[in-house]
Structure formats: C-alpha cells, structure tokens
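Attaching a single structure in structure tokens format; questions to follow.
Think of it as A, B, C, D and E in the order they're written, each chain with its own count starting at 1.
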Amino acid sequence: MILEGLSVTLAHYLAVSGVIFGIGAVIALSKRNAVAVLMGIELMLNAVNLTLLAFSRFSSAFTQGGAQGGEPLSGHVFVVFVLTVAAAEAAVALAMAVLVYRHRETVDLDRINLLRG
Amino acid sequence: MSRAALPPATPMARQILDHRSLLQRARTLPGEARVALALLGIMTVAALAAVGYLVIAGTLDGRWYDIRDLGNGTSHLVYWMERQGWHPAIPYLTTGLLGGLGILSLVGGWLVIGSWVERRLLAKFQIRQGPNRNGPFGLLQPIADALKLIQKEALIPIGADRLLYYLPPVLIFIPAMLGWAPVPWAARMSYVDMNVGVVYAIAISSLGVLAVFLAGWSSNNHYALLGAMRTVAMMVSYEIPISMTLLSVVVLTGSLQLSQIVAWQQQYHVWLIIVLPLAAFTFLFASTAEINRTPNDIGEAESEIVAGFHTEYSGMKAGLFLAVELGNAILVGAMMATFFLGGYTLFGLETWIPGYLILATKIGAVYFVFVWLRGTLPRFRLDQLMGFAWKFLIPLAIVQLLVVAVEALVIEQSGLPGVATVSGAILVNALLTFFGVRAWANAIGYRPEAGASTPILTTAVGGLRAAARLQAVP
Amino acid sequence: MATTSDAANDTANEPYVLNIGPQHPSTHGVFRLRVVMDGEVIRDLDMIVGYLHRSMEKLAEERTYTQNIPFTDRADYLAAMSNNLGLCLAVERLAGVEVPERASYLRVIFAELQRIASHAMANGTLVSDAGAWQTPLLYMFREREKILDLFEMTCGARLTTNYMRIGGVAFDPPPEFWPALQELVDELPARIDEYASLVQDSEIFLARTRNVGVITAADAINGSLVGPALRGSGVPWDLRKAEPYCVYDRMEFEVPVGRHGDVYDRFMVRMEETRQSTAIIKQAMAQIPGGPHKTDIPLALRPPAGEVYGRVEGPRGELGFYLVSDGTPAPYRFHIRAPSLINLSLLREMAVGVSLPDAVVALGSLDIIVGDIDR
Amino acid sequence: MESPGIILAFWVLSAITVAGCLLVMVARNLLHALVFLVLAFLGMAGLFVTLSADFIAVAQILIYAGSIAVLMVFAIMLTPLAVRDNANSLYVLPALAAGLGMAAIIGFVAVSTPWAELQGDALKHNDPVTTVAAIGDLLLGRYVLPFEVASILLFFALLGAIVLVRERRNDGDPS
Amino acid sequence: MAARLGAALPGAVTRATDEWVEVVPERVQEALRWLRDSEEFDAAQLSDLTAVDRHTHFEVVYHLQSLDLNHQVVVKAIVGDHEAPALPSAYPVYKGALLQEREVYDLMGIRFADHPDLRRLFLWEGFPGHPLRKDFLGIGGGQTSGLRRFPNEDRADPDRQMNRDNLTSQEMPREAGGHGSEHVASGGH
C-alpha cells in the first residue's frame, strides 16, 4: 500500500495540536472583535483537548485497563471538564460582549479601555 | 345550475374508495393485456406465498438470501470478500457505500412518495381533491414538481452574501442524511450501530441550526432574518426537552445504543410510549418545533413572515429546503418509532415480517400524525412556544428523569420479575403524567378557557351605555 | 432584539423595518404595512394603501346612477350585494322611488346570503392568519361556494353581481333557486356548528386570539369602528335594528355582542351573525309575497337637487353612500363611506407594542378588503 | 496506528482542521469566520474519532458545533452596530510572532521528545472500546468532586450570563 | 339643534337647515367636541367625514352618530379658500377621523391643521393635483398615471424615522443596498 510506513504517531497529533494552538493564539491576540477573540480561545482549548486525548489514547494504560496504575480514560474525563468550562466561559464571555456593546456600543477591544479613564 | 348540487363532503376513506379511475382504465385495456395483468398478479401472489411458506417453515432461516434481513446479505458479502483475501479496506468501503446508497435511495424515495402523501392527505382533510392530474391518483406529481423546480431560475437577492447564500441548502441536507446512521432497521441491520447513538442523534440534529441561520442571514431579507432568528431560538430551546426525554429513555433502558433500546422494548414486550407517555409527548412536540412543522412552524409562518429563512431561495435550492423539511419529518418518525414505538419489533411479528417494513409502517404512522396536525391546528406564537418549553416541558422532563432513575434502579436491581417492575413503572408514570401535568399547569397559572366565550345576544341597540348595561348582566 | 431604552441607543440602533405587503399572504390583497420591529415586537407601524385605487368617486361623477351600480360591486368585492343595496337605497331615498315588497324581500335574502359568504371568508382567513394551514378556510369555502352558485343562478355572476337596481332587483330568481336555497339554509346551521367545533374551542386558537388586539367599547365608538369590529367590543349597534331598511323590521333576529373586545370576540360575533342570517333568510323565505320585482324608473334618473346619506349594515359594518345631486342624471358628488378603511383607524393603537403574529391576527380580525379601502 | 484508513483520516482531518483555523484567521467577515470555525470543530471531532474517543467526539459536535457556535451567532446578532468584520488590531505582528513561536515550540517538543515509553504495544491495538461507561464510572467515582464543582460552575455561569444581559425592566409604554 | 349649538358656542353657527348645521370653519373642532360631550346630542361617533367641491368653496361634511340615542347629526363647514383650503382637524375629538381626513386631504386638498399625520392616503406624495376637485381634469406636469415607480413615495417626510431607513440595507451596507429595483423595495426591507 501507498500508506505503508506512514504510521501516525503521538508526535503527529501533538504537532497538529501545536499548530492549532498557535493559530488560536494568533487569533486571540490579534483580533479586534470580542467574538473573534473568543473564537481564538475556543480553538486553543480544542488544541488542548486534542493533546489530552492523544496522550490518553497512546498511553499503555488505554488498552491494558490501568494495569500499570494509571486510569486509562483520565484524559477523556479531563476533556469533559474542558468542554464544560468552555461552554460556561463562552456563555459568560458572550454575555459580557453583549453587555459591553450595550453600554459602549462597540465590541472593539481596542476601544474598550474602561480602566484608562 | 348544475353546480348547485355539489357532492357533500364525505369521509376520507370513502372518497378514496370512490376513486375508480384505475379500474375504469383497466376495463378499457385489450383482452390480452388484461389476461397478462391477471397472470402477473397471480404469479406475484404465488411467489409471495412461496416465500412466506419457506420463511415460516424455516428452511431459509439465517441464509443470506433471507429477505427478512438485508443485513445478512451484506455480512455474507463481507465474508465472501474476506475469503478472497482482499485488503480489509475493500469490504469496508463496499459495505459503507452499499449502506449509504441504501439509505439515500430509501430516503429519496420516501421524499418523493411523502410529498405526494402529504398533499393528498391534506387535500382530503380539506375536502378537496389534491394532486390528481399526473399519473394515477396524481402519483407522478412529485416528479413534475421536481422537474419544475430544477428548471426554475436561480435568483440571488441583491446584497446577498454569496458564499453563505449557496452553502445552506447543502449544509442543511447533511445532518438530515447523517441522522439516519444509527437507526436500526432490523436486528443487526443498521448503518452504524454506534455506542453513543442517542448522543449522536442529538448532536447531529443540533447541526441544522447553523445552516438555517446562515440561510436567513445571507438572504439579505428581513423576513428571512426574522425567520432564522425564530428558528434558531426555538431549536436551541427545544433541544433541551428533547435531550431530557431521551435521557429518561437512556436511563430506563440502560444504553445509549439505539439497537439496545429497541432490544429493551422487545425484552419487556412493551413500547416505551406506554412506559413513558410524558416523554413521548414531549419528544413529539419538541420534534415538531425542531423540524418546523405545525403547530410549531413559526420559523416559516407563511401568514407572518412569508416563508421564513428560505424566503429568498428559488428553484432547486428552495426545493432542497422543502425536501429536507420532509426528510426531517421522516427522520423524526424513525427516531420516534425507535425510541418509543418498539422500533422494528412488533410483539413477535418481526419473525415473520421483515423488520424494516415494520419500522417503515411506524414511520408512516408518525408521519401521518404530523400531516394530521398540519391539517388541523393553528400555530403558536414564539413567546408561547418558548414559555411552553422552559416553563412546562423542561421542569416536567426533569421530574420525569428523576422518577425514571428510581424506576430503572428498581427494574435492574430489585430482582423482582420484569412484569411486576415494569407494570409498576407504567402505573407510576401514568399517574405522574396525569397528575403532574395538571398540577404543574395549575401551578404556573394556566386556566382552561372554557365557556364564557360565546357572544351576548341582544335585540336592543345602543352605544356605550347600552354596552355597559349588557356587560353588567352576568 | 434586546435593547435598552436609552435615547442614545435608540438613535444608534438601525430600526428594523419590515415591509408586510403589498404582496403578502396575510394582507388579503395589495395592502402594505411598513412595520418597525424591535425583535418580535412592533415599535411603529405605517399603513400604505392605494395600490388598488381606481378613483371610483371621480368616475362616478360622469355616469348615471344606474351605471354606478357596477362600481359598487368592485369596491367591496366580497360583499357586492350589500354594496349594490346601499347605493340603491340611497338613490331611492334621494329620488323618492318606491320599491315593490317582493323586491325588498329578495334584497334581504341576497344581502344576508352575502353576509354569510363574506363572514365565511373573513373567519376562514382569520384562522389561516393564526396559522391553521387553510383547513378551516376551505371548510368555510364549501358553504361560500354554494352561495355563489345561488348568485350565479340568479344573476349570472358569482362575485360582481350587479343585481340590485334602483327600484328593485334586476331579475326574479329562477324556479330552481328556491329549492336550492331551502337546501342550503337547512344544512347551514349544522355546517356552521361543524366549523365552530373545528376552531372555536381549539386551545391554540384561543391562546392566539384571546386578549389579543383588544379594543374597548369607548375606543371603538370614538375610532369610528363599525360592524363586527364594533360589536366585538361590546357595543350593540346594528343598522338593521337601529334604522331598519327593506323589511328588516319584520324579521326576528338578535345582535351578537362580544365580551372583551379581542380578536376572539370579533371571530365569535361573525360566527353568530352567520347563524342569525340563516334565521333571517328562513323568515324571509316564508314571508315573501308575489308581485313585481322592480319598479320602472326612467333610464336617466334625475333626482331633485339635494343630498342624501344612505347606509346599510354590510358584512363589514356601516356602508354609507353620500350622494349630492344637482338635478342632472349624474351625481354631483358620490362618496362611499368604506368600512374597511375606517376600521383601520385604530390599527396603529392595536399593533404597536405587540408582537408581529398578534398584529397579523388583529389585522385579520378587522376583515379588510383592499378594494373597499382603496376604491 | 497503521491501518491505512486511520492514516488517511488523520491527514485529511488534520488538513481540514488546520485549514479551518487558518480561514478563521483570514476571513474578512465574522460570520464567514464562524462557518470556518465550525468546520474546524467538526474536523477536530473527526480527529477525536481516530483516537477512539467516540463519546468525546460526539460531545464535541454537540457542544462546540451545536451550542457554542449558536451562542456566537446570538452574540453577533445582538450587537448589530458592531463591526461585523473580522479586522485585526494593531498587535497583529507581535501576535503572529507569539503564535508562531508557541506553535514552533510545541511542535519541536512534540517531534523531538522520544515518546518511546508510550509507544508500546498499545499503538498496535485498534479495537474500539466503549468509552461512555468508563467515563461515567470515572466521573462519578474518582473525579466526583471535580464533576460536582463543574456542575456548580455551569450553574453559576448560567446565572451570571442571565444577570449580565438581563434587560432593565422599563415598565410603562413600550415605545 | 342649531339653536342649542348657537347658544352654547355663540357665533359658531352660520346657517342651519332641517338637515344640517353650518358652522364657522375655524370653530368646527370646538363644535364637534361640544356635540360629542353634550348629554342631549351625544354624538359619540363620527360616522362619515367627506367634502364636496362647490367650485368656489368646499363643503366639509361631518355625519355624527349618537348610538345610544340613535339619531344622526350633520355638521357642515364651508371653507371659502378654494386655492389653499384649511380647517382644524377633527382627530383630537374623534380618532376615527384619522384616515378620513387623510383621504379628504389626498383627493380634495383640504389641509387639516393639527392632524398628527397628514399625508396623502391613496396617491403618492408629489402627485400633481387633487383628483376629486372639480377643476381636476387630468394629470398634469407631464406625468402619466402609468408610472413605473411611485416617485418620492418613501421620501415623503424626512423627519419621520420610518421613512428614513426604508431603503437602506439591513445592517450590511453593500453595493446595492440603496433604492434599487422594485425587488428590493418590496422584498422586505
């Protein structure tokens, strides 16, 4: 087969996750619109999820049912928590965006400089 | 003059029976053709009888050519391919393609027939004829419709966002098709019998929201945007009661796998609609909201916002939206049948009748209910619908879930015979449904509007003073 | 969507303008509402009419009185008989023409048939506006069809009947008419009950129409509302009782009056009126005498100089004809007091601040006919 | 993981996901960006499937593509005058530098670290396992405390969001 | 009736017949209010409002109806200025005058002072002339009745917020968001 010898390893997943994390960071840091920043943050969280799942899948505990003392699916559980936090964070952040818009009529983060007075 | 005596409105069945055009046409056929037709009919009956005998006698049981289970055929194909020593990807891909084609053709065929059925049924509800020009009983009408839609001009509104305008008709089709994956058509016969079937179904159904929103937003039309926002708000709200009710089902049956849910119903010889009537109602009602059908079709309420999110679509793009609407109705019918109506089982009859036929019948029944509702009921208002979801369905679904959790525990672990525990659960849930619904409706301030709604009859005339006098009399 | 009430915000937010019409399923014709929305709620409303304006009143000044009767068919095209009747009564009063008794009975029968047909349409479309996909509408059309068949039988036209004449009616109905009419009035009460059972106790319909579009009795009177819209608000005002024309003083019937003034009451008033109309037709059929159906009048009728305001209770309420004559065969001034137009006076009050579906239902409950609005 | 299907799926899905992320970055229109974001989320869900995480994949679709995307839709629609474009701020170059730096570091660590002890027989093992039951056991067993904390967090997030955007009640005339 | 009205509002009544009362045009609103509020006449409803062009002057005719007493009162106001007729509005007294006065303004050209929303009702703003006047013999100004668009329909009054934003595109200013084809104008903006 053409694909022989092209086996996918943990490093592949980690690299992809790193790239996504980097792009997410760029979006989060460079966008003006609060919603766009939130998109970047969600992408970064996603990248972390991918890392967690990859480690979970590639650890020997996964198939040996925790014979070496590790829980095989701890990574999955962490991801569940990350999903939870992401959902909560998205809800609150978007509520804040709406609120800020209502008071300042912009969600341009460069112009929201309340603390500057 | 001749029109003065219109035929009175007759019941639907009578009208169908009175429809003699096919028989009349048969009488005008030449003699040979009639003989040939009769022979064909006799041969069909004989073949069916033979197959039925073989099935009942058990000589064909479990073989790949057993017509009761198309899944057996596929598995035999896979075994054959593996015996040839081919690469494992080939049988995998083959079966995947076969199943995909099967589902696509089935759903496609159903779309064609379903649109005819809907129009005919609605016509019967509305004391009119319905499509009856193209082919016998107007059966070719859907094809004519499709041809008409295809050759229509594809308009793009000025100021529309082109990318987002072209995407949604396609996007919305994807979840409507993907949703069929976990449906068990018969024992061992589903496209992917995944472990997380229920969650998958919910997740896939939530994908359609975005397509609807994009369609409404990109059209650059205020009706479309209003319809899109209404649909999105409604879908998001009604996902919660749907998830809650499906959670009750999952807790009771102890599995997220659709085939296991059907198996549970088979094991206890009871449909879940009997065990969980409230959940079944919630699911049906919330589904009508999810798929935009009467009485919850506020997203495309034609008397208010014309056609809602697909106002600006023309030609086949509009056709795709309409097809998806119908396809979603069938998909919901399949889910309803699987979760609450025993799926492909029919109290033992599934041994004799192919399971997919039973499931199809049940889907048809649910679809009939949808058409019936559409032919009968007015439409809710958005705030009423939202209030109904948040104030009524969700609290009741939560209570139901708690009760079901206890029942599941009892059924699983009490060691009592299943008949006793399940009957107890049925009783408890029926009581909960009856009293819980009434009590909660009372608690949130619902009072049925009975009486006092007929007008006052008077022979006096007058103005404000007369009006005050009339209202003063109780 | 959500906004605060800050003045700054209000000016900053683009108003969300929705054009309902001129081509829209719930405007019942080429009628246009320009609505400023805030989410689902209507903040402002403007009514744009005139798409069907034919300047009937100007055209009428160049035609004889008889030649003007067909115009009235086309003003309120769902109540042609009542419109014919209104004009004929006004001209007869102006010119002092006597009407044979048989003609008066025929006029009552046809005007009441027209009322049933028109109310059927009004209530059917109202339920359609509330979202029932045409089923109730088509049930009501079943009876309307039969009434239109009777019209066709009598005068050859179904919609623009042009049946009444100054001094009587154009034709005596053919012999087949009476058994057909008898059959219709015999089955009508049962059919109306069937229709009512389909709709009036429907929980969804109640939820959509109860306490929606409420007009108080005082507002309804002050806003010049007439017909079922006025009676729905509780005011027992019906010209057939107040100043009986034709032979209404010999008929026994009751005036239905609503309790709350909401959309549902207007719907129910119309339902009850169809029942009362059936009763009136039955009485008229029993009482109708023989004799001529028409007085002969000169081809070019020259009423004496003067003015008259003649009015009848049409299906939509008081339909008035203000005629000024200068002694020539053509009216000097010909004004139609159109109930559809004037009933819209309170639309803005009804619609602003409620949600769009409520406004649509409220508009439907006023039962407008664009031909009548625009003339 | 040497089954050709998985290898193909990995590369295709990675390409889709990364492309989606890049398009989010360059899209001029916020709603276009949202569409690409959903694409990236779906690609990510596919990657999760290749890691035998069926439940997490479906949850990813449900929560990210289904819910968070819709939340963003609402946020975008509720701020109508806000610029609907996806413009970059002044910090674009530093951000690019930082992001690329992070990606480079993670990539370097990922590739250069010898993950030998993690690449035993486990990787040859492709049998799908049912993760739902196991995750459930873990959530209500070992991780019950974080689970409860998460539920409280969700509750307060719900509460906070409602309180934040609640409209001031302006009784009286609505116009 | 004329006597009673004259007694209540001295100088308001100019002429009276059996059928109607003519009042001074400037005081018509006052007279209507008195008629509405008086116990004796109780003219609660304005059933009809119209006008007649008498070549030299306009007659504005009010048909008032008492529902409780079941009688009709006809009030007329003779507006002498045929070029620029004007009259106080009946709207403050009767809400039902809203559309009827707009109709009279549109077709006869009589301006009603303090009417809240005096725009043309059937015809578009800018339509030359008022068709129901006796001296209106055809559309002048080179315009025909078969216009493709209704000119200035949406620009009637720049102060009204509703008109201002009629033809701007919703939230996304794109190339053709302005007043383009009829499609845009009627398609739901």
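Observations
Going forward, a contact is a pair of C-beta atoms (placed from the backbone, for glycine too) under 8 Å apart; a residue touches a chain by one contact, two chains touch by 3 or more.
Keep in mind that this is a model prediction, so the values were computed, not measured.
Ranked by separation of Cα centres from subunit C, the top chain is A. Chain nearest the geometric middle of the protein is B, using mean C-alpha positions. When you average the Cα atoms of each chain and compare centres, the chain farthest from subunit B turns out to be E.
Ranked by C-beta contact pairs, the top interface belongs to chains A-D.
Taking each chain's centre as the mean of its C-alpha atoms, subunit D lies 63 Å from subunit E. Averaging C-alpha coordinates per chain places the centre of subunit A 5 Å away from that of subunit D. Subunit B has its Cα centroid 37 Å from the Cα centroid of subunit A. One finds 60 Å separating the Cα centroids of subunit C and subunit D.
Touching two or more other chains at once are residues 1-2, 4, 12, 14, 16-19, 44, 221, 235, 237, 242 of subunit C. For subunit A, the set of residues touching two or more other chains reads 1, 98, 105. Residue numbers of subunit D whose C-beta contacts span two or more other chains: 4, 55, 59, 67, 74, 77-78, 80-81, 131, 165. Interface residues of subunit C facing subunit E in the complex, by the touch rule stated above, are 14-19, 22-23, 34, 36, 44, 46, 48-50, 53, 55, 57-58, 219, 221-226, 235, 237, 242-243, 307, 309, 311, 318, 320, 322, 324, 332-333, 335, 337, 341-342, 344-346, 349, 374. Of all residues in subunit B, those touching subunit C in their complex are 1, 3-6, 9, 122, 125-128, 222-223, 226, 229-230, 294-295, 297-298, 301-306, 374-384, 448-449, 452-464, 466-468, 470-471.
By the touch criterion given at the top, residues 89, 92, 161, 163-164, 167, 194-196, 199-200, 202-204, 206-207, 209-210, 213-214, 217, 229, 232, 236, 239, 256 of subunit B touch subunit D in their complex. Remark: subunit A residues 1, 3-4, 6-33, 35-36, 38-40, 42-43, 46, 49-50, 53-60, 62-64, 71-74, 76-77, 79-81, 83-92, 94-99, 101, 105-110 touch subunit D in the complex.
Contact residues on subunit D toward subunit B in their complex (touch as defined above): 4-5, 29, 31-32, 35, 38, 54-55, 58-59, 61-62, 65-67, 69-70, 73-74, 77, 130-132.
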